[in-house]
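Note that the chains are named A, B, C and D in the order they appear, and that numbering of residues resets to 1 at the start of each chain.
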Amino acid sequence: MIEQHAEVTFNDRVAADTYLMGLKSPDIAARAHPGQFVMIRVGAQADPLLRRPFSICGVRKDGGLLILYRVVGRGTRIMAGAGPGTGFDVLGPLGNGFDFPAQPGESLLVAGGMGIAPLSFLAQRTGQEVQILTGYACADQQIPFECLGLSHCAVLVATEDGTIGHHGRVTDLLQESGNHIPHGYAQVYACGPIPMLMAVADLTLRQGIACQVSLESTMACGLGACQGCAVPAAPGSDRRYYHVCQDGPVFEVGTLDWEQLQPHVP
Amino acid sequence: MIEQHAEVTFNDRVAADTYLMGLKSPDIAARAHPGQFVMIRVGAQADPLLRRPFSICGVRKDGGLLILYRVVGRGTRIMAGAGPGTGFDVLGPLGNGFDFPAQPGESLLVAGGMGIAPLSFLAQRTGQEVQILTGYACADQQIPFECLGLSHCAVLVATEDGTIGHHGRVTDLLQESGNHIPHGYAQVYACGPIPMLMAVADLTLRQGIACQVSLESTMACGLGACQGCAVPAAPGSDRRYYHVCQDGPVFEVGTLDWEQLQPHVP
Amino acid sequence: MSPDLHIQVGPLHLKNPVLTASGTFGYGREFAQLMDPNRLGGVIVKGISLKPRPGNPPPRIVETPCGMLNAIGLANVGLDAFVSEKLPWLQTLHTAVIVNIYGHTLEEYAQVAAGLKGVQEIAALEINVSCPNVARGGMSFGTDPNLSARVTEAVLKQTDKPVIVKLSPNVTDIRVIAKAVEAAGAHALSLINTLTGMVIDIETRRPVLGNETGGLSGPAIRPVALYMVHQVVQSVRIPVIGVGGIITPEDALQFLMAGARAVEVGTGNFVDPRTTLNIINGLTRFCRQKGIPTIREIIGTAQQNW
Amino acid sequence: MSPDLHIQVGPLHLKNPVLTASGTFGYGREFAQLMDPNRLGGVIVKGISLKPRPGNPPPRIVETPCGMLNAIGLANVGLDAFVSEKLPWLQTLHTAVIVNIYGHTLEEYAQVAAGLKGVQEIAALEINVSCPNVARGGMSFGTDPNLSARVTEAVLKQTDKPVIVKLSPNVTDIRVIAKAVEAAGAHALSLINTLTGMVIDIETRRPVLGNETGGLSGPAIRPVALYMVHQVVQSVRIPVIGVGGIITPEDALQFLMAGARAVEVGTGNFVDPRTTLNIINGLTRFCRQKGIPTIREIIGTAQQNW
């Protein structure tokens, strides 16, 4: 875990309101594991005050750290305006990443929107030709696979408005062959909006397929110190809440209380 | 009085920590009178919150508004980082400017540091070959006259550390021929730090020479609405306080209570 | 069809719920070159006292993180000059004109109210109970439920207009004051006034403000204001006007959803003289996007029992 | 020669005046990879209660202008787990370890204090009187001078350590509470805890926080905290520790000049985990630049009577 001032090497618009940023952060990049995240301080002023959490979307050999982000509010708007040479304070890598897949061909990656960020890092690191299902609201939000270094993977796309790929949700792709995860997959990795994760959790729990999800939560410290990022633990756990920054952001589906999870990060 | 979004056309470092900014603000430029000022909103976030007041340092035929500023805090630091194309909300022209000189050759302009900003606009507008006395802490703070369009004027320089021009204060230049304003000057215009203005006020009041000074004060509205920018009126005035934004920023020396003026804008 | 922004605040009828907060909009005219005050729900003018007051020694203003402190010291032209010099222009406006009043004694409050009696174009009085109470050693009237109620009664006796009482946030339980003032007959409440604060200049080692302390306003205090509005709405039956750090339409919507029937914009006027108009436009846009025919529909919707 | 930053806070000896505020630095260890806690004047750990507490339902945090609201709900591991799991690491530190404690009844406060008795490496206790008091319908102990004093006495009876009482700002006159707690025997005061606030999500039309309200912290509240510290320093003889929105060395200097003998940094730890160290370095730099041999020289210099 490191805190360092990192220079933006590039910051390219890769889809509607979506940017891929390269940060020169060799020390964080060297330690990064797929599923881990960083906290970025978006400016030197006291407003916006808190750091913003972002999954690590990949690392480059030259020490580059990749962040894929969508502009949703003030912090990400400031980030989108940052040209090469701008500096940001970056804290990471934080949290626990994904457990890697055991057998080639057995992992299925399910990404809703920006959920592709940690999953593409995972896909790269496995080195395997994994199957990735991605979902977007519409075609112009789709991130070109080349940007993400996913050319070695099989990627299927769904859009909610049908402008590209399957017309519907990414979870439809899962359920195509009847309402279950297609045969042969022993491990699902998912990241995306809570309603999507709920659907995935439901399927995998029912079928008894191992599944790890990466969650979001508002955060202050990112270090397990403030107890701010609580998510409800499954009934019967030894604790009432887990902390996304420390116990996650990657969780086994069975450890969470899906009924109590807030569907909406304001 | 106008509020408009203005684009930065240039923003050049002209001396140590000192910048000359061009703003495309034709409507404000068209109405500007020397001694008036604008309030600039330095960012879209809520911090820094208040607009910053700056004297109008000149206008260009193409609608350009010139601001000469020194980096002293957060707002001016943000301004210094703004490249061409950046936009700022600008409110102006505000306040009352200088009364113009009657007779050529009779005006003496005395500027301490950034005080040169409104005075160089005045010098340009008079069209006369006026005498300007300028003072800086040291040589590297001196602003080249060409930047300010003052080639037609006679400019004397003093620096406190003697690195260029007279070794001492700008007020020394005034007092050279005995402790009084040189003969022939019927009107003094001064802008700069309060201690300098006090010295000028003292001399001109004693000699009975007309003198107008431009003052600073922390401001919220710039419009005469908040009553925040109070400065003490001379004993015997009909009011206890004047408001820099509305009654000034230019005042006749005799109207102010120099004993009560705060020497320090924090 | 354009959404309906009209709103009733007790006996007071407003064309929309956006007012300017006292002390931040002068006597109205100062802003008239920059925006049309007639588009506002109403204009609340600078606090008026019986006699003219020069205000506190400068500096009177200092910026703070997402806010500012002011120690204007209630500088104003006084009742007589207000009536002769400021009122005539205000009377030409086609929107509610509300006069904020204050005094250092009960009698002063009453006298100011009496002096404004009968002026038809004054839509309401807003009582500032947050100013220091000379008789009680500087603690403000507004921190004492009893005194707040007595000020309210004293003003009500002398006026023919709806009376809004503006509450101070510098109290342990604002609901106690709100209820006392309601019981005394106030037609509406507005909250919050500023929080007391200080900034020290580390070079001079003195408080920056001439008055040492000042009132904190601006976005910094918005969460505190919203909480107090939400609390007071639950505790009284009279309408509540929300004030404190409102800059954007979204800010105003939070207060309306908390149950405020109108909002006042203070420090926001300094940030951008058109802040109020942006908010009004934003409220219209919000209603249109959500298909809400009238802004009244959203008021109080964030209250538990709604 | 390096300026001397040592400071005495009542019976408590600190190597410098910079502490971490409770709840923002976990149990200390969370930050240890990013900065050396031994450089701090002291570490104040998360508030400890008799039993472990899971805390409030999420969301627990929301950003506000120059600040944040938290409604953690005093989640903590409880006294036993603190002693067995957290304390051993804290005992290896070479700086003052201060334990923040709280309870829902007087007895709970006393029991936590008793449970920490005799642990030599605990330098002091800080009592959080700002938590809701079940017996009095949610109003906190800290808003009542009598109850604050009784909590203080109850803890003093059960401890062998200096006791710091941490005051709530949500009161009409903080000096009254400060004096009551001083009279009850407290060795020092720290202030302020958070101001109560709320944010509403205009999409869901519900308060953002699971608990509806939360505590406002960060630079937004700094002027309020500084004012209260300045006021309390004038009213009591026991030392005061300043807390609230401190991020930079200049912020810390304001509090020291107002008369605080030490400062606590809370939200600043989230903005930058090295905030406290930057402040310590900045204090050294300031003293050196001004030729001040010891930081003690600047304490209280912004007080009128200094």
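As a convention for this text, a residue touches a chain if its C-beta (ideal position, glycine included) is under 8 Å from a C-beta of that chain, and two chains touch if they have at least 3 such contacts.
The model shown is predicted, which means the values in this text are computed figures rather than measured ones.
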For chain C and chain D, what is the smallest step count along a path of chains that touch one another?
-> 1
Report which of B-D and A-D is connected by more C-beta pairs in contact.
-> A-D
Farthest chain from chain B by C-alpha centroid distance is chain A
Can you check how far apart chain A and chain B are, centre to centre, with Cα atoms defining each centre and the answer in Å?
-> 53
Separation of chain B from chain D, taking each centre as the mean of its C-alpha atoms, in whole Å = 46
How far is the middle of chain B from the middle of chain C, if each middle is the mean of its Cα atoms, in Å?
-> 36
Touching two or more other chains - residues of chain D | 65-67, 218-219
Residues of chain A that touch two or more other chains sit at 46-48
Should the pattern of chain-chain touching be classed as line, ring, star, complete or other?
-> complete
How about chain B: which of its residues touch chain C in the complex?
-> 1-3, 41, 46-51, 89, 91, 217-221, 223-232, 239-241, 260, 262, 264-266
Flag every residue of chain D that touches chain A in the complex, lowest number first.
-> 23-26, 30-31, 33-34, 46, 54-55, 57-63, 65-68, 70, 72, 75, 201, 203-204, 208, 210, 218-219, 247, 267, 269-274
How about chain C: which of its residues touch chain D in the complex?
-> 64-67, 69, 139, 143, 170-173, 195-200, 202, 205-207, 212-214, 216, 218-224, 226-227, 230, 245, 250, 253-254, 257-258, 286, 298, 301-302, 304
Residue positions on chain B within touch of chain D in the complex are 46-47
What residues of chain C sit close enough to touch chain A in their complex?
-> 65-66, 219
